[in-house]
Amino acid sequence: MQINGEFKPLIVAFCCNWCSYAGADLAGNNRLAYPENVKIIKVPCSCRVNPMFILRAFQRGADGVIICGCHPGDCHYTSGNYYTRRRMSLLFSMLNFLGIEKERTRVEWVSAAEGAKFAATMNEFTEAVAALGENKRLEDLRCKR
Amino acid sequence: MRKCSLQNLETVFEKISESMTLYIPADTKDGADFTKWTKGVQMSQALNTNRSAKDFFFPQTEDLVEFKTEGKNIEVIDTRKESEDFAVFGVRACDVKSFDILDRVFLTEPYDSYYATRREHGVIFSLACTRPAETCFCGTFGINPAEPGADVSMWKTDSEMFFEANTEKGKEILKKLESVTQSADASDVDGQKKKTGEIMKKLPLSDLSAEKFGKGMTSKYFDSPKWRELSATCIGCGTCTFVCPTCQCYDIKDFNSGKGVIRYRCWDSCMYSDFTKMAHGNSRNSQTERFRQRFMHKLVYYPDNNDGMFSCVGCGRCLNKCPISMNIVKVMKTLGGEDNE
Amino acid sequence: MQKINSTMLIEKAAQLLENGTADRVLGWKKGEFDYDITPAVFNSVDQIKKEFVFGDFCGANLSKYLVKETRKGDGKVAVFLKPCDTYSFNQLLTEKRFDREKVYAVGISCEGMADIFKVKQIAGDGIVSVSSDGENVKVETLYDGEKTIKLSDVIAERCINCKSRKCVAYDELMGEEGEIIDSDRFDMVSKIESMSEDERFGFWQNELSKCIRCNACRNVCPACTCEKCVFDNPDSCAQNKAPADSFEEKMFHIIRAFHVAGRCTDCGECSRVCPQNIPLHLLNRKFIKDIDTFYGEYQAGAQVGSRAPLVDYTEGDIEPGEAVMKGESENA
Amino acid sequence: MQNKNSSLRDEIIRISGTNPRKCMLCGKCSATCPAFDGMDYAPHQFVNMIENGNIEPLLNSKSIYQCLSCFACLERCPRTVEPAKLIEAVRLSVIRKQGANHLKPDNIPALLDEDLPQQAIVSAMRKYNK
Amino acid sequence: MQRIGVFVCWCGSNIAGTVDVKAVAEALKNEPGVVFSTDYQYMCSQAGQDIIKNAIKEHNLSGIVVCSCSPRMHEQTFRKTAQAAGLNPYMVEISNIREQCSWVHKDMEKGTEKAIILGKAAIAKVNLNAPLTPGESPVTKRALVIGGGIAGIQTALDIADAGFPVDIVETKPTIGGKMAQLDKTFPTLDCAACILTPKMVDAGQSDKIRIFSYSEVSQVKGFVGNFDVTIKKKARYVKEDLCTGCGLCTEKCPQKKVPNEFNLGMDNRRAIYIPFAQAVPKVATIDADYCTMLKSGKCGVCSKVCTAGAIDYTQKDEYIEEKYGAIVVATGYNPISMDKFDEYAYNQSKDVITSLEFERLTNAAGPTAGKLLRPSDNKHPHTIVFVQCVGSRCANCAEKGKEYCSKICCMYTAKHAMLTRDKYPDTDVYVFYIDVRTPGKSFDEFYRRAVEEYGVHYIKGMVGKIAPEGDVLKVQASDLINNKQIHIDADLVVLAAAIEPDKSARPLATMLTASMDTNDFFTEAHPKLRPVESPTAGVFLSGACQGPKDIPETVAQAGAAASKVIGLLAKDKLMGNPCVAHSNELMCNGCSSCERVCPYGAITYSDKEFRMPDRTVAIRRVASVNEAVCQGCGACTVACPSGAMDLKGFANNQIVAEVDAICK
């Protein structure tokens, strides 16, 4: 997304309800700033994130997608994030195999107590994605008309 | 009739592409396909392209119109771009014939302006065959591969390319090419034509006859128990329909890009389970019915509506590409075989 | 060892019908030419004697047909399975896609299937007949008369990289059981991995842009037996019929590969049937290679009931960030 | 603690192929060692000293020649630290450094004869030519 | 099409300070489905809630979006508001424009823009919301406790105390478990039997508690509130209702050579036996493996001497089916096998024993009547060596030992050492340790007393080798403080063997679909916040089956598990979370992928007849979700390749709509 000629990457963050969404709230409580272009979607557990959602986000114009969940071992549903970890390991490796910049996708474990980590992660991720420029490799030109 | 030496073919390409985009069959690692000509692109020696020339006139997907909403208003935008002139070079007789078949669908009422525009802007250089493959059966449908037709017919010999205009459009373009071609005598290619004729008789499918099919045969074949057997292992993919030069079914779909809705059409396949799916469901629920539809359409329904013209041109692409090697030849032989007499 | 031939299978198929072991047989049927063989269901001994065939062009994997075929009536279906097909067979059983009791499986040893396109490349157009003796292929063409080609020169790409000649499931075995092979099947995946990101993108952009969405890869795939595929389902948010934008080609193939990840037995049917010659199996193999590297070797279909890596986990699994790096560099 | 001699430390750890950080200081290695009495540094000290980079004393200790390589410690160690491998690694690094006392590659051809196995030459080179 | 109302909250200046709330309300007015949009200072206030209620009625709203603080703050509030106005509470979506917008951004323009997008995403989602109703299921007011050790007994007593019936299933002929075998308990040195037996008696006499001893759970079906359990009562060949526990048969039985498991095989019992005097139920049991009558049909002594006529050689295993609302697992632990620790010569010498065997040797009811005599020659040992961490904290011993710390060994070893020195001051006692871990009330004091007052020799180091030589055990060990290798001639060596979950736990976990860790300890629903619940609803954990524990901890956990059970059984109906998975049977492949990732065992399969698209009829295996068990994580929805599995409230199309709205 270009704003006043400056590239602001659009970041979609899928956050699990129990840890990471609460972590994002904590970042808010502590007024820890991160870029406006980070938009959070709440899911019950990171394991709810279907690879199709990620591709859909890229299709529609996202420049980066991050999935945040409880730390391994702390999943509210005991094992959800373990599946997330496997699924995303394989999916991201595949995207990389297809030549899609690996810096555009990330999984980060953020607990409900890690507001600071949430904000720092978003700042850092946004910066990394900004450095890559616009998402061209998984874009759908029809959505950019 | 005009001619040029094969060495000078490139200058012909150059000349054509001065006024229009030129596509020629070129070799890729997976066989020949029409490729936009730029300097250095060589013409393939292959018998035919993987995909037919249908794509130029009836592309797999094509935007029709776009809607934009502003508040509670809808704006309709015609997104059609100014069409450019183009030439397709080296189309074989079978594929040339396919345009007759497509024209009858798209250029009669309801008239398809998208297709028509492309037809108007496109010039077809056909190319006579000299080495038909074992999978060729154009003869079955009365096509002579040595007389390919279209705007300009071409014959290629060992050293020269001959051109013969068949239409006004063809004459016009040959005129433009006068500077890079020489005049020639029509009898120069008689030998080749004759030789091709001989080969045609020797092709393994030369005895395949469409006589038992055509107009008015619906009741004869529709309920044949053979359909079930023939379609038993059909996997229901769309390969045959998508490589076919005459398949012309499409679906119209909307794509909501978030910024507006793009209405586009895309090829559809009667082999797909959601083909012609309507509110009540699907009119052909089993693969057998869908399979029957495709072949009945080629061999009976289309002729019914088009003065007996079949909508198969015998190009053999489906014979080469079907994942399970089921194809129209097997269907014709099975249905028209002795058991069915 | 005697190579399995048509006569042996015809005899076996006929016998299975005659002695009541099965009431229909899944096998291969003679084509118009020597190479265009169609999978078929045989209901009578007559039909078998007339039309059943087996040879170097019987590449089609019959296991997937069992899903549909076992739903028809009560009787048993006999099926002939090459080693790679037996893996698919097991995987389908793992996923309970058909009732084992309704199937009589005959494992047949296999030394690799021939690829007619390779034959055509060497022998040229107009193939009138083609036959092999297990070592050489005799081709007769319209234009160049008779030619003899080494069978090894026309073996299908997927068979050159065969992972296993072991029949892992059968009620009866014809020929030798065969062995698991230490193949080089990941070489091409490694090669792509070692390309630069731009090269990888270029490679796949070029390959996938050829896709015409005929769905042959999906429809032939023994792992793709969904009652309704998400790409056909208007309610799935993913349905589409044609790749209207290059995104959709990628979307389709990524999701398809992901859906069969850990379930794909690497039978190679997808690439065999692709009319556009897209090396689709490489996507699946990438997943297999990654799974092997990240979570330990796993061969889908090696055992019935094994837990696919994507429905399993360990507490110490590799982290996605690390995995991506490892997936790029593990070219050993 | 000061990580002196960290390159030598890393080298020894690399040669040994074990991870001294896994040690939980139970002392079972020293408890099990049959050569303990002759050692100036006990097996458990080896582990600890290597981890701390305190390697000089070990290089000069007699323990490295007292170790019988009986692998009892390796067998008994509950944490797979495998002290015997660490001791062997220290011993090797001493031996490799003694180049001056040993054969030079140039001298080898003269000593070759037909019965000398190829492998012996290769391993001699690997061991002594540092 | 929904009729959506949008309510933008200022939250005083919390939101309005960085977000132009009026502009947000105005911008969202034109979104599809929106028929009403407004803003207000405090939406959560009574007045704010009234605005919502009135708008719902006035505009006939079918869904609402509240742009406000985090749903974690007030989602419940606004759901109740909506419900009060007659709207289904699940037709409410919260757009978090405070914590995730106004509080983290500074620029008014950008903040407003983001708030609008977040609002659009919520609207897009609510457009696809459907009213949801939590499922209800009745609760069977009876609990099952599996395992009759101190954990199970305490749990059962506490549940019974609250007035609910409880059944205890115990595989042994008596309840009591490991604690019944102990002599004294640390750190207070109470006699184990003195504090345990009253509880056993209470359990035996309670009219709320049924004890199925010599029994096993053989099948578990159902789900929280409604478990159907089959209990196998093994044939004990004694009629429980007739046996008086007089013990005459156990004295007269001619088969005297049966290793007594209660004394860990250090003495023998008869083929008919009562494990110990205080057994509950105090009923004899015939050991079919040794009984001559059962094996050869010749004997019948017990039957002859039994005045009550309780002996029944024809008894068969009996299966009892019972319904339960809750299940507590209390399967406990066992010391690991010492067979693989050759260096400690456990199998070579009778005088190398485990700590549990030592308990029996010092127990007044044990094989030596409480006199500390060594097993080989019944002589009093003068030098005793205790070895700690045998098989615990063992990283390389997948086959040999355990990676974890067994937690209780430090304390009981201190106890053994202290008691030995107390009773037999002429004995030298050495304890070899890696670390002494004493985190517990009065634990370290206890250990220090052993050292300071009782003169136990604690040596930092490990025993490397024990070699029996003559009548002594040559102990070779390290002393790390003095950097020495030391040699002790010991008379008795006691190994503090690691403990592991009982072998019955793994198959039980499978039956209960309760998860386990790699060591076969049951996993808790949350390691910190739900330590006594298993992730499987209605299954609770008590005692060492969840991890190594000492008695006080076990009892505490048993009480906690009981209170959770009581909380559950006190309800008449269970209200589920309506955001659960559901399977579209028409698309389901029956492939089991979803079942395999479900942490709750909420998915079951059945064969159903379907009319297929091609008009044939086929029987297909399809999944169905038990809504009472599903917790709504969504793992199954991604595992499902066909997309047959979806999650209510977080459906595929809802999340996609949010993505689309955000990326517009």
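All chains are identified by letter, namely A, B, C, D and E, in their written order; residue positions are counted from 1 within each chain.
Note that in this section a residue touches a chain if its C-beta (ideal position, glycine included) is under 8 Å from a C-beta of that chain, and two chains touch if they have at least 3 such contacts.
This is a predicted model, so every value here is computed, not measured.
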Neighbouring chains shared between chain B and chain D, ordered by label: E
Remaining touching clusters (ignoring chain E, no chains moved): A, B, C | D
Which of A-B and B-C has more C-beta pairs touching across its chains: B-C
Remotest chain, chain E as reference, centres from CA atoms: B
Chain centre separation (chain A, chain D; CA means) in Å: 49
Euclidean distance of C-alpha centroids - chain A vs chain E, Å: 34
Inter-chain centre distance, chain B versus chain E - centres from mean C-alpha coordinates, in Å: 69
Per-residue multi-chain contacts in chain C, two or more chains: 230, 237-238, 244, 310-312, 315
Per-residue overlap in chain A, given as positions that touch at least 2 other chains: 51-52, 56, 60-61, 73, 79, 83, 87, 140, 142-143
Interface hub residues of chain E, defined as touching at least two other chains: 597, 616, 639, 652, 656, 660, 663-664
Chains grouped in pairs wherever the two touch, ordered by label: A-B, A-C, A-E, B-C, B-E, C-E, D-E
Of chain A, residues touching chain B in the complex: 60-61, 140, 142-143, 145
Touch list for chain E against partner chain A, complex: 70-72, 96, 98-101, 103-107, 110-111, 113-114, 117-118, 121, 515, 523, 525-527, 535, 579, 597, 599, 631-635, 637-639, 647, 650, 652, 655-656, 658-660, 662-664
Footprint of chain E on chain A - complex, ascending: 10, 12, 21-22, 24-29, 31-34, 36-37, 39-45, 47-53, 56-57, 60-62, 73-74, 76-80, 83, 87, 119, 143
Complex contacts: residues of chain E adjacent to chain D: 343, 389, 393-397, 401, 434, 460-465, 476-480, 483, 485
Chain E partner contacts - residues on chain B that touch it in the complex: 71-72, 256, 258-259, 273, 282, 285-289
